[in-house]
Each structure stands twice: as structure tokens, then as C-alpha cells.
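Following this line, the structures themselves.
In the two complexes that follow, chain A is the common piece, with chain B as its partner first and chain C second.
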Partner chain A sequence: MNIFERFMQIDRRWIFLAIGIAVVIPFFFPLELPVSVTDPVQNLYDALDRVPANGQPLLLAIDYAPATLPELEPMSLALLRHAFSNDVNVAVLTLHPAGYGLAERVMVQAADEMGKVYGEDYCFLGFRPGLSAVILGMGVNVRNVFPEDAYGTPLNDIPMLDGIRNYDDIPLLITLAGWSAAEAWVLYAHQPYGQDVGAGVTAVMATDLYPFLDTGQLVGLLGGMRGAAEYEELIGHPDAGVRGMDSQSSIHVLIIILIILGNIAYFGDRRKKREMERDAA
Partner chain B sequence: MGTIIWTTIGAVLTLSVYSFLYKDNPFYKFAEHLVVGISAGYYLVIYYFNFIQPNVVAPVFLLRFGDEVIGFGSSTWWLALIPGLLGLLLYTRFFPKVGWIGRWSLGIYVGGYAGLSLSPTMQARVLNQISANALPLTSVTNVFLIVGLLGTLTYFFFSMKHKGVLGVMARVGIVFLMVGFGASFGYTVMSRVSLLIGRVGFLLQDWLHLL
Partner chain C sequence: MRRQFPLALCFIAGLFMAIQYFIPHPTVQNFYERLLIWLQTLLAFAFLLGTVSLVRIHYHKIKHRADDRGYSWVTLFALCLMIGLGFFSSAHHAQGSPFDMMFQNVQVPIEATMFSLLAFYVASAAFRAFRARTLESTLLLVAACIVMLGRVPIGDMIHSSIPTATRWILEVPNLAAKRGIMIGVGLGMMATSLKIILGIERAWMGGGD
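So, the complex of A and B:
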């Protein structure tokens, strides 16, 4: 067995181990590689910057489940920190059944950090099933869909929601989703009602949503952990996103090396076999 | 103390799932079954209290939902029974002789959803995209985009043989498609790696407090 054949038949568990090491090392020895900010992220940051302080609220839809937490939770924390630091009121909701606890956790963490008061600076509308029906219903009246907040308080008794009726009273809506919810907000909130929509999605979904940026159907887009890291850079609060990018980079380098080695081994092995066949003939 | 216990349970389950990378084993099986069982229970409770309870049970039996009294005794309580009944009809599939009745509910659901989606989907996915691509050829980016668009559309045009100009355009389309697939694959790798990074961060920081 030549060296190429050996490489082609390497036990894949060695590759798993190499990837594990490539992830862990940057946690202890950060590479501190620079994170440059791309236009879609900058546009979302600017859109949130334009939301008036202590006025009509930012609507933040935390539509993700635990499976996409590492990519989307850093985004939601960064967005909430940005909004709260600008004194922007935030109404949080979720359209994912598994998102209730995750939305509440991140909202409370950011609010406690920034000293915000429930009901005056932020509120949690909770979860409602029926994706498209809920989004369309909120275009008529938010209270038709969410008569109470997540803790049973009627929306009419929440000071920050005084005079908030439908999308006309919401300057910006941002959805953080690991499934089709992001597209649903574009289809059912932006298209019929003209609501400004921004999105933060998993990297897998980012390519599906790029077409909505060119058409102006999305005001900005955060794609995966990289998007979270860029936003953290913009608000000057590096956290899990920036920290994770070092591991991302080291794994990408490892994968590139493995792809190159794999190709060298494949073509080398093929050439050897052809030479052997020629010699045998 | 409670946090430590829950974090340790999470860490043990994380390691159990990753142990599958070495080979299939009882720890992985246990974690897998636990996820399925807990998810089923969790979703059942969430959907009951957010869907069935406020939309069917409350209007019919509890007389109140939010500020509004719409329960039995008011003139509209029976409206809640219609979707409730249609939902129950779906379970006729378990009885072959009357299973066809469940198609009524499915028909209403599919028809309603299609009607609801048709206009926004056409507008967002087709018309807006067409108008966004009707660009003047005044910059390299625009030329690049139009060539890519026409090439890709030509590749999926199967009514004529891909020969001559059509063949060249189809080949250009393949190149753009491959670049698109490559970008998607790169993003997919990034996404999956992010999940691993999240779990490793949890183990090192939240569980072992090494960071």
C-alpha cells in the first residue's frame, strides 16, 4: 500500500480529533484575527440606530430553537445591547415553540446588564403558533394576536405599548431565525404592510436570503456566527461571536488543508495505479 | 447548586452525543431517546396551552380569553367549535372506513394557506426579483449579474438542444451554479462548525470554568 492509498483510507476519527483540537486551541490561545464589517451587517446596524429613543419600539422576533443557539444567541444579545444602549424600547416575541425560554433568557440578561425596566423599556409578548396567520394578524392589530404579554398582563396595561396598534407604529422589526420564519416575515409583514424587516439567520440560510437584500425587502442581514461577530465589533462589545471566529478560522484552514491533501492523494493514487496497469500490460 | 447540577447534566448529554463520533454506544442511544421523548412532551404542552386552550377550550368552556368574554353564553362561542371539529376530523385517518372525512380538513387547510401565500409569494419571490434584475449595463457588477442570470436560466431551458450560443450560455450558467453551490457549501460548513464551537464553549466555560 503506497502513501496515497494509506491517506485515502485514513480512519475518519483522526479527522474528528483534528477538528476537535482545532476548535479547542483558540479558546486558550486566541488568535485575535480582525473581523471586518460587511455591508449587510452595517446596514442593519444603521437601521437600528435610526429607531427613535424611548418611542415606538423595535420588534425583536427570537424565532430560534436550541439547535441553532450558538449562531443566533450572540446576535440577539448584540442587538439587544445595541438597542438598550440607544434607549430604544424593545418588544420581544417568538414564533418558534422552543423559543420561549431562549427569548426570555437573552432578554432578561441584556436588560439586567443595561438596567432596563420591564414594561417601560422592554416587554415579552411570548409565543403564538401559526406563523403566517400571526404575522398577518399583527398587521391589523397586535392585540388581536397577543391580547396579553407572556406573563398575563393585558397589553393595554404595558406603558411602552401605549398607542402601538400595528406595523404602522413599529419602525423596525428584526427576526432571528434558524428556519423559514425569516422569509415569512418578509412575505407577510414587509410585502403587504411595508414593514421594515431585518434578519439574523444561520449561515446555512444566509444564501437563501441574500436576494431579499438587493430588492430592499430586507434592510440588513446577519449571517451565522460571522454576522454576530461583525455586529459585536460594531457595538464595541466582543463576546461569543468574536471568540468563536478564531475557532472558525482555524477549522477553515484545517478543512482547506485536508481538501488539498485529499486531492493530492486521490490524483497521486490514480497515477500510481495507471502506471502499474501500464507496467503490467 | 441547582445550576451546577443542570450544567453537569447538559455536559454529560453533550459528551454522550459526541461519543457517537467514536462509535455507536448506549450513552448516545440514551441521549437520543431522551431528546425525542422530552421534545414530544414539551411541544405537546406548548401547543396545548398556546393553541388549543386559548382558541378552543377557553372560548367554549372558560368564558374568557384576555380581556374579551367570548365563552359559552355569548353569541360567538360556537365559532370556536368549527376549527376544533375540523382538527378532530384529521384523526379519522386512524379509522380506514371513515378516513376520507379527514380530507375535508386538509382541503380547507391547504386551500386557505395557498390563498394566503399566493399573492405575497409571487410579489416577494418573483416580481420583486425580476424588477431588481432589470439593471442598466453601466457597471461590471451589473454585467456580471445579468450574464450569470441569463446563463443560469439558459441551463434550465430544456426545450432546445444546448448547442451553439445556447450551449455556451448553458456552460456559463453551470459555472455560476457551481460558484453558488460552493458558497452554499461554505456557509453550511461554517454553520455546522458553529454548533461545535457553541458546545465546546459550553463545556469549557459554563461547565469546567476553564475560560
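So, the complex of A and C:
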């Protein structure tokens, strides 16, 4: 076995160790790399900026599960901070069964930070099963789908929802999703009802949504932790997204180095074997 | 009758959902509203179906003393515990309740950890499998490296054209491929829907015909 072959068959635990180190080190020694803002993120920021203060609410759908929380929770916090700092009312809901506790915790955290009052500045509609049916139903009447909020208060008794009937009364909807919910909001809220929809999704999902961005079916898009970091830069509140960028940078560079080394070893090994075959012949 | 009635119902409901978009009359819209409420109620039963199915599978594993029945015990115990906490503790969803504590301190870290492990396996797989063997694989490899660099701040620092190239890859070749796939999927969905509405495709009725 030549040196290239040995390198290609390196114990994968060494790779795991390298990845672990590359993730952890930047948390102790931050690189503080500058994050530039891309157009899809800027567009979502601008769309939220246009939502009137103390008026019709922003609808924020926290449609993610704990698995995608590290990427999507920084986005939801940044969006809530932006909305609350502009005095925009926010109605939070979730269409993911595991999203209830996650939605509640970011909503309460952001509201406590900004001194917002439940019912007047924000409210939580809770969870409803039946993705497409719920989205379509809200287009007819939000109260058909959510007759009361997550805590049992009838929607008619929540001051910030006075006069809110359907998508006509919601200036912007943003979904944060780690599954097909973002597409569903576009298909069932934007297409039939003309609702402006923005999305925040995991990095691997972002490529799926570029067609909607290009056609204007999405007003803006946050893709992965990078999207969260860009939004945090825009609102001037760097947090978990910006912190995570250092680790993500080092991981991506490490993976590229591993790919290059793997290819050098592969071609080196192939050349060695050809030389040996030639010598044998 | 056992076959004709569901087929007729499917035909009428499917046709109605398609044409209601074009009839803004209040009677049609009221019925559409009612159908959506029925649909939500119906879909809520999927959770019940899922739970019953989960219990049945793990019950059978335990009953037949399968090798990995230990996991089935854990699954059923966790299921009963969470259902119990949900049903029998007042204000079960309130922050700090036992249900919420279990969710925030057990389910959230477990799921986040499981997903995070992907980074390790992706790195290992990239090292072993990402080879420039052919022109296609070389293109894929180069595109992947550019996108990986362009999606992190270090890409900007290495060269300002890397984020530009990343955007081009995402907005031109990626977009073209995605559009092609989506149009294909859309046409497929339309064809399948029509087959179901017209009673050509009957697998949903069971029985395999």
C-alpha cells in the first residue's frame, strides 16, 4: 500500500476530530469576519421595513423543528427584533407540530427584550395541522382556522387583531421553515390570494426557492446561517448568526481542503499504480 | 355501489375544488370555506393514525421479542410520558411546565445534535467520494467548492469574485435546473390529479386496481 492509498483510507475519526476542532475553536477565538449583505436578504429587510407601525400585523410562521433550530432560530430572533424595534405588530403561528415550543420561546425572548405587551404588540395563534388546508383557510377567514389564540383567548378579544379577517389585512407574511412549508405558503397564500411572502430556510433548501425569488413570488429570502448573519448585520444586532459564521467559514475551508487532499491522493495513487503496471509489463 | 359512490364523490369534490377558483359567487365560496374546515378536521386525524400505527409496530416488536425491542420500550415509554404530561398537567404548553421542560431540554437538544452530526459525515463523505474522475464530476466539484466559499464571509476575503460566481451559479444554472424539475413535477401532479378525479387512477381506494 503506497502513501496515497494509506492517506485515502485514513480513519474517519481523524476527520471527525478535525471538524470538531474547526467548529469549536472560532467560538473561543472569534475571527470576526465581515458579513456582506446579499440582495435577497436586503429585499426581505426592506419589505419588513415597509410594514406600518402599530397597524396591520406581520404574520410570522415558525415552521421549523428542533433539528433545524441552529440555522433558523437566529433568523426568527432577528426578524422579531427588527419588527418590534419598528413597532410592527406580530402574529406568530406554526404549522409544524414541534414548532409550538420553539415559536413561543423566540417570541417571548424578543418581546421581553423590547418590552412588548401580549395582545397589543404581539400574539401567538399556536399550531394547526393540515398545511395546505390551514393556509387556504386563512385566505378566507383567519378566525375559521384559529378561532382563539394559543392560550384560549378568542381572536375577537385580542386588540391587535381588530379588523384582521384574511390575507387582505396582512401586509407581509414570513415563514421560517426547514421543510416544504415555505413552498406551500407561496403556492397557497401568494398565488391564490396575492399575499406577500418572505422566507427563511436552511442553506440546503435555499436553492429550491430561488425560482420563486426570481419570479417575485417571494419578496426576500434568508438562506441558512449566512442569511441570519446578514439580517443581524442589517438590524445592527449581531448574535448567534454572526457568531456561527466563523465556525461555518472554518468548516467550509476545511471541507475544501479535504476534497483537494482527497483528489491529490486519488490521482497520486492512480499514477503510482499505472507506473507499477508499466514496470511489471 | 361500494366503488361507484367514492368515485363519484371524488369526481365531484375534485371538480368543485378546481372550478371554485373561477366562480366568485357567495354560495360557491361558502361551500369552499366549509370544505376547507372539513379538510382541517380530517387532517387532524392523521396524528391519531400515526400514533396508533407507531404503537402497533412497537407493540408487535415487544410481543414477538425482537432483538431491538429495547428501543421499542423506550419509544412507547417516551410516547406515554409526553401524552401523559400533555393531557394531565394543567397549562401543559406554558413555559416551564413539565411538558415544556421535556421538550426544551430533551427533544430540542437530541434533534439538533442528530442534525448537526451531518456535518461530520458530509466532511468524511466529501473526502472519500468527491473525486474529479470525469468532466461532469469535476464541474460539480468546482461548483460545490465555489458555492461553499461564496456562502461564508471568508469567500469575500479570498477574492471578491467568489460571491459573484456563487450568485451566478445559484441564479442561472441552478435556477434553470430547478425550474425544469418543478415544471415537470407540476405537470406530473396535474396528470395524476386528473387521473384520480376521472377515476382512471384508483389506487387510493385500496385493492390495487
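Simple rule for what comes next: the second predicted complex is superposed on the first by the 281 of 281 C-alpha atoms of A that agree within 3 Å, B and C clash if a C-alpha of one lies under 4 Å from a C-alpha of the other, contacts with A are read in each partner's own complex, and residues count from 1 in each chain.
Following the convention adopted for this analysis, contacts are C-beta pairs under 8 Å (C-beta built on N, C-alpha and C of every residue); 3 or more make two chains touch, one makes a residue touch a chain.
Since we're looking at a predicted model, the values are computed, not measured.
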Between chain B (first) and chain C (second), which, if any, makes contact with A:A98: first, second, both or neither?
-> both
Tell me which partner A:I19 touches in the superposition: chain B (first), chain C (second), both or neither.
-> both
Which superposed partner A:E148 touches (first chain B, second chain C, both, neither) = first
Touching partner for A:P70 - first (chain B), second (chain C), both, neither | both
Quick one: classify A:V186 as touching chain B (first), chain C (second), both or neither.
-> first
Examine A:G224 and indicate which partner it touches, taking first as chain B and second as chain C; both and neither are also allowed.
-> both
What is the contact status of A:M8 with respect to chain B (first) and chain C (second): first, second, both, or neither?
-> second
Taking the two structures together, which residues of chain A meet both chain B and chain C?
-> 16, 19-20, 23, 67-70, 97-98, 100, 128-130, 133, 136, 192, 203, 206-207, 211, 214, 223-224, 226, 248, 251-252, 255
Which positions of chain A touch chain B when the two form their complex?
-> 13, 16, 19-20, 23-24, 27-28, 67-71, 97-98, 100, 126-130, 132-133, 136, 147-148, 154, 156, 186-188, 190-192, 202-204, 206-207, 211-212, 214-215, 217, 223-226, 240, 243-244, 247-248, 251-252, 255
Would you pull the chain C residues touching chain A in the complex into a rising list?
-> 21, 29, 32-33, 36-37, 39-40, 42-44, 46-47, 93, 95, 100, 103-104, 107-112, 114-116, 119-120, 122-124, 126-128, 130-132, 141, 144-145, 148-149, 151-154, 156-157, 163, 167, 170-171, 174-175, 178-179, 182
Residue numbers on chain A that touch chain C, as the complex places them = 8, 12, 15-16, 18-20, 23, 33-36, 38, 65-70, 97-98, 100-102, 104-105, 108, 128-130, 133-134, 136-137, 140-141, 144-145, 150, 192, 203, 206-208, 210-211, 214, 223-224, 226, 229, 245, 248-256, 258-259, 261-263, 266
Which residues of chain B touch chain A in the complex?
-> 21-22, 42-43, 46-47, 50-51, 65-68, 113, 116-117, 119-121, 123-124, 128-129, 131-132, 180, 183-184, 187-191, 193-201, 204, 210-211
